[in-house]
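What follows is a set of structures to go through.
Two complexes, one shared chain (subunit A), two partners (subunit B, subunit C).
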Partner chain A sequence: MRLSWWKILCIIQLLALAVAGFIGGVPAKPIINESIRNLYFHVSMWFAMMVLFTVALVNAIKYLRTGNLKYDVYAVEYTFSGIVFCILGLVTGMIWANYTWGKAWSNDPKQTGAAIALLIYLAYLVLRGSLTDIDKRARVSAVYNVFAFFMLIPTLWVIPRLLESLHPGGMGNPAFNTEDADVRMRIIFWPLAVPGWTLLGVWITTLRIRVKMLEEKKLQHA
Partner chain B sequence: MRKLYFATLPCILLLCLCLPGVAQMPDEPIQMADGLRASGKIWVVVAVVFTILAGLFIYLISLDRKISALEKK
Partner chain C sequence: MKKIFALLRKDILLEFRQQYSLYGILLYVASTVFVLYLAMGQPEDHVWNGLFWMIQLFICVNGVAKSFLQENRGRMLYYYSLAGAREFILSKLLFNTLLMALLSVLCWLLFSLLLGNPVRAGLRFLAISLFGGFGLSLVFTFLSAIAARAQQNAAMMAILGFPLVITQLLLLMKLSNTAFSQVLQNSLPQMVLLLAGLDAAVVVLALILFPFLWKD
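Up next, the complex of A and B:
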């Protein structure tokens, strides 16, 4: 079996990140010091999550348009991977916050918004688990997926920008904005970290989809 | 209480920046792990992370191959 080009790209990007992420130059800033390197890891989780949830949304809509159960499998697996990246983003954020803001959870608007978004997506799994009829489950969860995705816009994109936050990218923060990450960091963040972690998420999701397809084939033959 | 803390914190920070001789002086160099990098020890961390990632990728590729073999059956 030959590996697809994007899987090789993912391996190269993340292995390069493992070196460049620690060796590359970073701006010297008070409070965050070397922890500024978390940009490559913590922030990338959220980018990967957004991509995975967007792919899930597209597949949910495709299911609603065509009624093909294949798209339901795609939607649920991409959502599942998105949830994993969301949890990783939240936990790494708490670790980072513990050492820069003083405590892991300070009910900051960005933390609370992310937690609400996570709960909405966890409810998606609960909803799916509660329905036994395959077609009904696929339809109801596809509709809910569209709703859950559009709840991301206020919880992650709008409300945190309106309220004062400790987190960068809002009003009155002591940490750093994306502009504070100088060009040395940006040439690592955009070409290596963001696409590398995103491709890893996609890779794992495709494996889960393939396993699920095999399971369904087995059920049909049984 | 917490509101009071957040209100006084910027004032304290401002004081720290303005008053000479207080903890964080603006001309004082910010602590970074430059020494560690110079002595080469950061490469130990790089080696560890690199090994973990490489191991995970080998695991992922083997999973990918196993699934491909099942699909061919």
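Up next, the complex of A and C:
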């Protein structure tokens, strides 16, 4: 088995995170207490999702520019992984909220924004499913992907800054308050958690792309 | 520029010649509001506001959806030979914003007739509902261009569109809530700017992306 350097890095980061994340020191905060460790998982999911959706966007644009169906496969698979990370982010957030806010869903603007993002990209999959012609499907879904991504920016990046919310980081940063985590957490969060989960997302996607490409090859020779 | 107006003129003329579609959508507005009145009577301010914008959303989906669905393949080919993609989408956007402005005003009139009129600042509310209708019709015009390519396109409009306009609707509801009292909130210009930015983004994206949609 031969692994490229970033896959080895991903394994090391996630293993180190699994150890350091659970036994490393954390600041004692009221209400949150030890559940602050969820930062390594919940917040990293959103970073990974954003990276995956952005890569999907780039591939959708590349498809529109070149017309090469390879990029369409890339775009849909990166979107698919992005959706998986979006669901994971929502679930980890809901579990966290259940213990800190009292209930899993409290219609917080940030929860709503995440749910909207999920709906938009699920609609993308439905749109693809409803088109049968391969070239038409690739083109129409690429157009929707680009349009949806830019419509999503205000939902995820602007509105949360304007509205009050239970979620940390109300004014200024849309998702989390950098002062809540101390140095002990930051040296785990930035070098281990965020790149580790993102690389895992990319890894899963590359595997799915390879499977898809092989399937298509098989179809061509059948 | 001339082509845009020619296409726009054709859409308006078509609307007046085939009167059933215009009357159809007007009747749609009237009957929805009437059903709402039978169900709700005269609701409180914030319920009134929520209902108003939901009805605006449904009117927009139904009124705007047909703009691309009514164009069959042959006619699209004909337009293709006459004008560019950008002119075509611009004329559609313009036509639908005009149509939506008419429908918004009608909707408000019917609402105040049947469900009562809690609006204190009439002019501001009118401006907000026109502005909101404008933004909604832009988004749905482009989505109907996408949905026209898919099967079951009427259902597709709702699936694609509703998540995309939630943000816009929430902002509009907040904005129009301010018209229920004479007091001005200081976050008002911020929201208006955000919505205007969103509208501009939709127009720019439509201009860039539509050429890919219409060649087959």
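In the analysis below, the second predicted complex is superposed on the first by the 215 of 222 C-alpha atoms of A that agree within 3 Å, B and C clash if a C-alpha of one lies under 4 Å from a C-alpha of the other, contacts with A are read in each partner's own complex, and residues count from 1 in each chain.
The rule is short, and it goes like this: contacts are C-beta pairs under 8 Å (C-beta built on N, C-alpha and C of every residue); 3 or more make two chains touch, one makes a residue touch a chain.
For clarity, every value in this text was computed on a predicted model and none was experimentally measured.
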Touched partner set for A:15, first subunit B, second subunit C, both or neither: first
Touching partner for A:34 - first (subunit B), second (subunit C), both, neither: first
Partner chain(s) touched by A:140 [first = subunit B, second = subunit C, both, neither]: second
Which superposed partner A:3 touches (first subunit B, second subunit C, both, neither): first
Touched partner set for A:94, first subunit B, second subunit C, both or neither: neither
Which of subunit B and subunit C A:104 touches, first, second, both or neither: neither
First, second, both or neither for A:130, with subunit B first and subunit C second: second
Subunit C-touching residues of subunit A, taken from the complex the two chains share: 64, 112-113, 116, 119-120, 123, 126-127, 130-132, 136, 139-140, 142-144, 146-148, 150-151, 154-155, 158-159, 162
Partner subunit A, residues of subunit C touching it in the complex: 139, 142, 146, 149-152, 156, 159-160, 162-164, 166-167, 170-171, 187, 190-191, 194, 197-198, 201-202, 205, 209, 212-213, 216
Subunit A residues within the subunit B interface of the complex: 1, 3, 7, 11, 14-15, 18-19, 22-23, 26, 28-30, 33-34, 172, 174, 203-204, 207, 210-211, 214
Of subunit B, residues touching subunit A in the complex: 10, 13, 24, 29-33, 37, 42-43, 45-46, 49-50, 53-54, 57, 60-61, 63-65, 67-68, 70-71
